[in-house]
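Right after this note come the structures.
Next come two complexes, and both contain subunit A; in the first it sits with subunit B, in the second with subunit C.
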Partner chain A sequence: MREVAIVAFGQSVHVRDSAEISEVEMLMPVLHDVLAQTGLAARDIDFTCSGSSDYLAGRAFSFTMALDGVGAWPPVSESHVEMDGAWALYEAWVKILTGEADTALVYAYGKSSPGDLREVLTRQLDPYYVAPLWPDSVALAALQAQALIDAKLTDERELAGIAARSRADAESNPHAQLRGALPAGEPLVAPLRSGDCPPIGDGAAAVVLAAGDTARRLAARPAWIRGLDHRIEAHSLGVRDLTDSPSTRLAAQRAGAFEGPHGLKGRGGVPTVDTAELHAPFTSQEVVLRRALGLDAADGTVRINPSGGALAANPVMATGLIRLGEAAARIHRGASDRALAHATSGPCLQQNLVAVLEGE
Partner chain B sequence: MSKEPVAVTGIGQTAHVAARRDVSLAGLVREAARRALDDAELTWADIEAVVIGKAPDFFEGVMMPELYLADALGAVGKPMLRVHTAGSVGGSTALVAANLVAARVHRTVLTLAFEKQSESNAMWGLSLPIPFQQPLLAGAGGFFAPHVRAYMRRTGAPDTIGSLVAYKDRRNALKNPYAHLHEEDITLEKVQASPMLWDPIRYSETCPSSDGACAMILTDRAGAARAPHPAAWVHGGAMRSEPTLFAGKDFVSPQAGKDCAADVYRQAGITDPRRQIDAVEMYVPFSWYEPMWLENLGFAAEGEGWKLTEAGVTALDGDLPVNPSGGVLSTNPIGASGMLRFAEAALQVRGRAGAHQVDGARRALGHAYGGGSQFFAMWLVGTDAPAT
Partner chain C sequence: MSEVLTAPLVVEFPFTRSLGPVQSAFLTGLRERTVLGVRTGDGRVVVPPTEYDPVTAEELRELVEVGSAGTVTTWAWNPAPRRGQPLTTPFAWVLVRLDGADTALLHALDATGPDAVRTGMRVRVRWAAERTGAITDIACFVPDDGPAGEGLPAVHRGEFADPVTLLTAPARLDYTYAPGRAQSRYLQALAGHRTVGERCPSCRKVYVPPRGACPTCGVATDTQVEVGPRGTVTTFCIVNIKARHTANLDIEVPYVYAHIALDGADLALHARIGGIPYDRVRMGLRVEPVWTEGGRFPDHYRPTGEPDADYDSYKELV
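== the complex of A and B ==
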């Protein structure tokens, strides 16, 4: 299989409300940033792919305006997924694997501020039986958290500890929306407190992918994609075990997360990485993901969400791509040799993507 | 770096009508997928990944419906991708699925596109206002009519051409059991007498609003060898995009369309599309786009496209049949319309197009476009496996 790497990553400063700027204005500095990191101009990019959702903008075809920010002239080879940008990266990775492209620009953005995010996300649900009840995203996550507590897989103290660790780690992340010590927070939807939930915010992210020697030319230490896989589960919450995430585990297996570096044999069910960037907007979801990925069995040798994760900044549709970018950036600067990055979509971790990234 | 050849071994589509009140969204997509599996004689277990596309989520009022549709499409435990590139999405979706096979990430992939327009209202789904941007001018027809005018002025095409296209496509649709419009009593005079909607576009020169879905099974060389019916082989595929509006944009013949076609022809070894391609399924939502795209796709010199239409070259029994299925003018489930073009091209080269089969079709082009004539997706399929 062709070698493909993330060679640059950029993101906006994530804020609660960016009403004063358009999506294009939010995106352009990030696009210029990643291109400048590689020395490439937009016209040098072989393939462009983005992730976003019309429902956040409240307008059909919202992504067509954002494309203008790329500089799509002369015409570009381009595609878009109505999903988190992590899946746009997946599409671009496949495109490079076919040999039709050597470089790709991937970006994602989400402005939650124009609407009420908790209500907007209810429109993702089964339109006939569930969406008419408007069960909001925090309430659904609370069901999952309560299921974990009932199964004695976690307790409110552990959840508060995850929140505290994430926000403390975000201290060193200049892009984070919430930073620093935070009390457990006010009760929101039992058993979740505000500290267990992500901030609502606006933001954008971009990465540049490149193949083989092109990647080596563009970056001092490319973050090689050793494996990349994603899986979806049933939609209905009633037919899933909310305390587990088999799709995450399967994607991780397929991505090689449990094998040794450079294809060596692993230790069976224990991830062979030093870093894990998990897309867990709720503290309780980190518990589910850690269990699915065997991270607890790694005895603390895996640094989880050093960026602060989604609890520090959650620009919907970009959050997953940021996990891939943060993991790659750690490899770029030598803080990690082998990292796992995870992205999720849908209510209660319905769909999950796992990438394994490695430095040389 | 060699690519795996990609074959289409299964094609399924639903009956298309204004409102499929007999099925849910899940029931609609399942109907098309089931038929594609039956055509390929495969089961859900044979499918490794699902790639789904549709036009804006506001058309049904469901945000990211792939989440809800995962069960209906047998995707649980599998990878599922959701593509959205405006009106070209049906084509783009098929190309993303084809790349999964070409890159040898998966061997057999189900790709599907749909629209159930009766769940909502497409015109208002496209007309949600946001500050500082022009709203689309009363639906797509208002946006495209001035560009048709520009084409007429530029080429001197007589104002009868649009009705010829509509009459031809609606008659072709009579041979297609899946087509939405079956106007048994249509005449050229009736098309010409239909009300003017957006001058010069008449009512009978516009596409309907349809509920429907289209699915295809894409597989590798080994999968094609096991297939019970002839495969269509992908010889080239490409996407191109350009901005909606900018100074100097040529709305009559966008550069992105020309570049996309050129890329597909280069991959497929086509040097003379007019002679080397036997059938074309192009995205013609308003009749005048047939002559316009004939030029944009290189089948006619600039200013000459309407002459092919007028001479009957694009008729089902013509030298270069265009939209033998009846096209978008007869069936328009927006998100699926592009994939229907790709699938109809594949049906033609598989020799399985039934009453609208073009005799001896060995190479066919499927074409889709979207947005403000800014997003393009095309593929060229053939009877024979591509030389590797």
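== the complex of A and C ==
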């Protein structure tokens, strides 16, 4: 099997409202950043894949406009997923594994500011039984949070602690939208307070993937993708156990998160990583993910969301790709040797992707 | 830095969806104040019913009637109801496991406050006064003092007179559209009867309307260049279908829609051609914009009377 690595990562400064710039104007500096990091020009990239959603901007085929920022002459090989860019990265990874490409540019962006994000996200729900009730994204997460509290798996004090840790960690992240000590806030949809919820914002991110020796040539310390898997659960919330995330656990197992690095045997059920970038837009979802991944059993040896996570910046459709990018960047700069990155999509952690990244 | 333009943008889409046998029975049942579930191969009852087992993907058809009262499995207090939600006063979102069901249904609970709601509480359906065969036929749930249902679930044939077979799901989303720097500059200049393109610093092409990036080179186009107002028809089509939009009702068919290369631009924009019979329009025709009173963009382009442009002068822009 070919070795594939993330060799560069870039992101915008995430802001509440970027009305002064269009998607492509927001995206271009990020694309130029990752290309400059590798010394590649757009024409050197074998495959380009992006993730975004037309529902955020309210315009059909908005991603084709964003493609102007890539430079499509001579003609390029390109694809788009109407999902978080983490899934675009998955597609690009497969493309490289098949030998059809040696390098790939993956980007994602989301401008939530033009619309009402809580309403926009209702359009991803079951259109027959659920969407006509317009349950917004915070309400659905709050149902999950209450289920956790009822099961005595967390309490409001722990949730507030997760919010405080995330935003304190974001102090050292120049791209984050919310930083530092923030009040827990008023109940938005109880039991979730505004502090338990992610900021609404606009932003973009990009990574460059490369295979084998190309990756070694482009980066001093490539972040090798040792495993990558994604799984989905039933869409009906009333069918699922909202306190658990079996799809995350299965994806992590398949990605090798519980196996030892370099073929060493891992400790049963404990992830063999030093860093975990979890895509948990709500504090309560971090509790679910930590349990599903056995991170609590790791006795604090795993650094969780040192970037501040989705609670510090949540440009929808790019947030998951940023988790992969942040984990890779930690490996690039030697702060991590083996990291887990997670991305989610859909209400209450319906779909989950897990990657295991490693430095040499 | 120019002022950033914004405008309201409303997207409405009334999706009409076909219902399969299971969804049709469930939604028709709601119209008749009957809640149906579907039984899975291992005997579990799924409510609301699905056509396929969420675990095994086995096809499901065995309908059963469950109670219209049940137990809250989790809840969330919504202090500020939003547009389209079931109640306009503060309410609880609830997942309710109806008597006889093994899964829970999402809906709203009408309660006096968060202190009146808890997981495990008993609730029952409040039916909507007018029911059409939709999930909103359940107006909401209300607290229930009655005993748990007995003898459920009962086999139900799922047959009703005049079954609902289609679901129309109206949706409306409101946006504030902001076109960004390049297009804001373009639109502001246009309102002053000037057409401004932007030049790519790499390939030197002038794009109009500019979108802020050169799609060939992938770099920002930040040098403004005034182009036009005159231009050349590079290609065109004859439209024989009457425009349906109210803004265009006055345009008689047939009319000509053309690509026009404005003088100084490296990309043709498109516009309607007027002031000349439709069958006299030709490639190379020289045209100029016509503005209506107070118009923020040209209404159409008309011939200037100049000799036609030489083909070689615009062949790269066809």
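Remarks
Definition applied: the second predicted complex is superposed on the first by the 360 of 360 C-alpha atoms of A that agree within 3 Å, B and C clash if a C-alpha of one lies under 4 Å from a C-alpha of the other, contacts with A are read in each partner's own complex, and residues count from 1 in each chain.
As a working rule, a residue touches a chain if its C-beta (ideal position, glycine included) is under 8 Å from a C-beta of that chain, and two chains touch if they have at least 3 such contacts.
As the structure is a prediction and not an experimental result, all values here were calculated from the model.
In the superposed model, A:W73 lies in contact with both subunit B and subunit C.
Using the contact criterion defined above for the overlaid structures, shared-chain residue A:E82 touches subunit B, although it does not reach subunit C. Of the two partner chains placed around the shared chain by superposition, subunit C is the only one that A:L133 touches, whereas subunit B remains out of contact. When the two structures are aligned on the shared chain, A:R2 is found in touch with subunit B, with no touch to subunit C. Once the two complexes are laid over each other on the shared chain, residue contacts for A:Q146 go to subunit C alone; subunit B is not touched.
When the shared chain is aligned, no partner comes close enough to touch A:P174: not subunit B, not subunit C. Look at A:G300: by the touch rule set out above, it reaches neither subunit B nor subunit C.
When the two structures are aligned on the shared chain, A:G346 is found in touch with subunit B, with no touch to subunit C. By the document's definition of touching, both partners, subunit B and subunit C, reach A:A57.
The contact surfaces that subunit B and subunit C form on subunit A in the two complexes overlap at residues 22, 55, 57-59, 65, 67-68, 72-73, 120, 123, 127-128, 131, 234, 236. Within the complex, the subunit B residues that touch subunit A are 1-3, 24-25, 55-71, 75-86, 92, 96, 99-100, 102-105, 119, 125-126, 128, 130, 132-133, 238-244, 246, 254-256, 259-260, 263, 371-372, 374-375. Residues of subunit A that touch subunit B in their complex: 1-2, 22, 48, 53-55, 57-61, 63-65, 67-68, 72-83, 87, 90-91, 94-95, 97-100, 120-121, 123-128, 131, 229-236, 246-247, 250, 345-347, 350-351.
The residues of subunit A lying in touch with subunit C in their complex are 19-25, 28, 31-32, 42, 55, 57-59, 65, 67-73, 113-116, 118-120, 122-123, 127-136, 139-140, 142-147, 150, 187, 189-192, 234, 236-239, 242.
Interface residues of subunit C, counted against subunit A in their complex, comprise 4, 6, 9, 11, 15, 17, 19, 23, 27, 46-48, 50, 54-55, 73-79, 82-86, 93, 95, 97, 103-108, 114, 119, 134-136, 167, 169, 171, 173-183, 211-220.
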